[in-house]
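Below you'll find the structures, each written out as structure tokens.
Each of the next two complexes has subunit A plus one more chain, namely subunit B in the first and subunit C in the second.
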Partner chain A sequence: MVALSHRLADRGIDRHLFLLVPATLFVAALFIYPFCYGLGLSLQPAQGGAFGAYREFFTDAYQRDTIMTTLKIALPAALLNVVASVPIAYKMRGRFRGKRLLTTVLVVPITLGTVLTAEGLLNFLGPTGWFNRTLLAAGIVDTPLTLTHNYTGVFLSLVITGFPFAFLLVLSYLSGIDPSLERAGATLGAGWAQRFFRITLPLLAPGLATTFCLTFVLAFSVFPSAILVGDPSGSTRVISIAAYEAAYVRYDYAAGSAAALIMGLVELIVIAVVLGLRSLLYTGTTSGGKG
Partner chain B sequence: MTDGFQELRLEGVSRSFGGSDALADLDLTIKRGEFIALLGPSGCGKSTALNCLAGLLPLTRGSIWRDETRLDTLPAERRGFGMVFQNYALFPHMTVRGNVAFGLRMRRLPRAEINRRTDEAIRLVRLDEHAAKLPGQLSGGQQQRVAIARAVVLEPSLVLMDEPLSNLDAMLRLEMRTEIRRLHQSLGLTTVYVTHDQEEALSMSDRLVVLRGGRVQQIGTPEQVHTQPANRHVAGFMGYRNILPMRLTEGSIVEGGGLTLRGTKVGEIAAGDAVEAAIRPEDIHLAAHPGEGIEVTTEVVEYQGRKVAAEVRTPGGVLLHLRTDRALKPGDKAELVFDPDRLLIFPEGD
Partner chain C sequence: MTRPRLGTWFIGTAVTIFFIGLAGVVGSVVVNSFGTRWFDTWLPEGFTPDWYGQAWDEFTLLPVLGVTLTVCLLVAVISVLVGVPASYVLARRAFPGRRALYLLFLLPILMPPITYGIPLATVLYKYGLAGHLSGVVLANLVPSIPFVILTMTPFIEQIDPAVERAARMCGARTVQIFTKILAPLLIPGILAATILVVVRTVGMFELTFLTAGPDSQTLVVALFYSMSAAGIRAQQSVDAMAVIYTAMMLVLLVVALRFVNPTQLVARVKDDSE
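Moving on, here comes the complex of A and B:
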């Protein structure tokens, strides 16, 4: 056995890697098979040849526009989540009393789930919600602000559920940056802004790109909140709604699968662009020397 | 030097963490051009002292003065001190040039001057060929030299170094020690150098400050500290490996563990007081003639080149360390004599 494992090791094969086989099979069964199945379905529409479902999606403006609608919600929401996380995580990167409590408060929305968040938003920001009632009572507005059942509602819902993810990721990327680097910057005469923009931010940027990709994917597949706090037939008719309608309202599985695959493709394009930009950045170690 | 000073004064500088003092009442006057070593065991407050000086750690009490300017209220970036960190803290995303030029850029100097001074500093630490590399591509010794170049390129009025050699191997450590000395002499930089290595402190500094538990034990030239340690802790740190609990009988005679020895008193001690007698291994000699000294049995022998270091035991059970050029073997009997001038008698405790 020793001899065999040595021979395998010489060829760069570690026998322990075989432990990954069950997980690999699991992923194949859960992801690759449905993907291929969906791809097959999307290529077998009732009429129009192999690419009929795709052609239909792109010729029908009602379907095609869902791509832009979704991007218009997901890109700014992901961007805001990342950008808002940075200063908060930056302030919280050191050790201080109450850090755990504050982190918990910031992260709790993860546990709420989209439906509970939507319900909260409706109660709080709806036409007769506390927020509008307070504004009316204070005489700041004459008619209630429309903050739900439109773009704003979905956007807020994505920020509430996406921010904790972004924040946790950014915080862990930040704690991976050697704190003595900024101290060195200070002794070299750099003020806080110079320390942040010239030392911390360049080291953090690759992590921000990764964080952006993850929150973007979360936001791009928005479905429950687009329906619950959005305007699912108008301004927040996102691509997942188009896919759902095709498959389960019109029972056109080919169109539904085609929409789902287009959705995945758009995500991949955005991620490829972001990761392409990321590869232009410095992505090496974030420690300042030998430990 | 950009902002030369005559002296830098630390007055009662103290720093505590959660109620316990990491550094207490440090009084020190550093003259221009001096090389000061802060020496002490790990956790004695050396880094705390250095960070307080650099402005990276606010003081709990006390003040720091550069001539008549009060410094301890200024943030680190306005003090103009250079600092070399224990882990070097090089900016990993900048080349060697970028690292060295960083401080000059922060001062918004003209580009030509930045280039000239950066080149000069890189040449000074002999890294010309590596100027375009990232720190991750350099060896530990080279990284250390970048850290030094980055600190001295600004011609700071004071350079602070926190155990800069502790991550290097023995050979490189000796080489860098000479290099730092050379830089200090050629640039005339006032330096505060932190180390836990007594040999490093003795060989490099003009004056050294021995710390223990956040308190100053002794300030003096290497020779003063080496030959006249102020208390038994400093003695222990300065290579007095034999520290024996004894009692003063009369004059300067101590007794204990079956031994009666003559020594030199340090501090106020009266007859009958409990004392500690300290002597270095190299100040215990083998008796020239039989019957002259104290009989001992050899237990452990370490070969150290021309000499051997031996652990021996007296009939009274006292363990002693000595160094001799006689080839002792475990089990050998020997007779010892103590050099009375080199046997220091300290009051017990403190």
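Moving on, here comes the complex of A and C:
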């Protein structure tokens, strides 16, 4: 008995591992079990056999199209947030006065949350809001632009909540790249474009992939903003609305679980593709020669 | 570091536009919450603080705030109690299945809340846990425990294991090492993680929305209901409530920023997602 416990301890198994038990139990009971339960539910629809709920989801255009609608909102929003963060973070990575203030202000939208952002967008961009009022007063447009209760509103709400998040991540990645690498490039006669595209960007690319994934997860689960600033029965009927409606409006738990699982699967596929591309990139130290 | 002036100018414009938009979004809510009648003018006809009183009475804001506070504190305390020991093992030990376990803890953070929220709410309703406070707390623990684990693991890795070995040499038991050695060293990290969990839980809409009953709504869910039931409530009083929500979040944020630097914070998150 002693010998066995010693042998196990050599491989790292000892009673300290009991400390992991509560957390593992929680995640197993509240995440894994519901997932399996949901999978089971989705395979037992009231009619149509084991895969009835899935077949119904993919044959009904009203349900099937929600996948494309979600991707059409989430992918461009995540992409814009990441791409716009790069030059701005690049410009701001040094030390300057007010940097702390700026990062603090940038965290504000993260804490606003989707609901308040939606409320603000409805007020600000609405037909009589300040934005349209300014455009009308300046004579740029004749009639107020329709910016809420459609795709634009949801997109903007995702930019407002997602951009600061992406920016802070990109900024922290950029700060991790040793500036002496670029200075070495400059000494050897590289212009700013060469330095950026041949030194900084390749080192930054894996970080950008991770940032994209995390921003995409945020954008993919647009639920409140798609309902409040969007057009929840038309152009912004995202898959989370379809899942919610199935489960809590129609009380068809099989269809609801099926939609939720399809949603998770689509998201994981996008993440897997991005991370797969990322593994083709350079991943290693970003801190220069002496490491 | 000489770059073309055009690029600087362009970036400055982009940032300015973003901040103007942000100020407009927040500002219009704040102004509206103090306004009397505001239809087709730049500013409301008059200003009044009455909407706040009305929001307070009409939305029964006091119980809602009480629920929000209770849920956040319970979630934060439980997730720290459960998460920190687990992150200690993950930070210090190499054992078979460590990577798989790490992935297991990463998944709830990578998944959109709605995806696991719907099956989770179904399970909680089945066992009669949803519809009141315990269901909301349980649902919010799902992303919070992994979040604590992922933020605390690098924190614990920073602490020199020699300190613990020395304590063990002197005869300290694991419990004593935790309470006398690690806990004091980990206080800043635990505080940061607690505040972040509170901020996330205050803002967590989907999970609370799916599991809350009429008397266990947090502020953000109550806000959503009053907004989506437009026409029943005066918009100004909804806005007043939104301002109260923002003010609460800002207080939390300012407290949080005393303990953590936002760029370091995400740098830590970055390491976790590798």
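A few comments on the model shown:
Everything below uses one rule, namely that the second predicted complex is superposed on the first by the 274 of 291 C-alpha atoms of A that agree within 3 Å, B and C clash if a C-alpha of one lies under 4 Å from a C-alpha of the other, contacts with A are read in each partner's own complex, and residues count from 1 in each chain.
As a working rule, a contact is a pair of C-beta atoms (placed from the backbone, for glycine too) under 8 Å apart; a residue touches a chain by one contact, two chains touch by 3 or more.
Here the structure is a predicted model, which is why all the values come from computation and not from measurement.
In the superposition on chain A, contact is made by A:G189 with subunit B only, not with subunit C. When the two complexes are superposed, the chain touching more residues of subunit A, out of subunit B and subunit C, is C. Shared-chain residue A:S180: touches subunit B; no touch with subunit C. In the superposition on chain A, A:T114 makes contact with subunit C only, not with subunit B.
By the touch criterion defined above, A:P202 reaches subunit B but does not reach subunit C.
By the touch criterion given at the top, residues 54-56, 75-83, 85, 87-93, 102-103, 106-107, 134-136, 140, 143, 147, 150-151, 154, 160, 167 of subunit B touch subunit A in their complex. The part of subunit A that touches subunit C in the complex is made up of residues 11-13, 16-17, 19-20, 22-24, 26-27, 30-35, 37-39, 41, 84, 87-88, 91, 94, 100, 103-109, 111-121, 123-124, 128-131, 133, 156, 160, 163, 168-169, 171-173, 175-176, 192, 207, 210, 213-214, 217, 220-221, 223-224, 227-228, 240, 243-244, 247-248, 253, 256-257, 260-261, 263-264, 267-268, 271.
The touching residues of subunit C, counted against subunit A in their complex, run 1-4, 7-8, 11, 14-15, 18-19, 21-22, 24-29, 32, 39-40, 42, 81-83, 85-86, 88-90, 92-96, 101, 104-105, 107-108, 110-123, 138-139, 141-142, 145-146, 149, 174, 199, 203, 205-206, 210, 220, 223-224, 227-228, 238-239, 242, 245-246, 249-250, 252-253, 257, 261-267, 269-270, 273-274.
Residues 178, 180-181, 183-191, 194, 198-199, 202-203, 282, 284-291 of subunit A are the ones touching subunit B in the complex.
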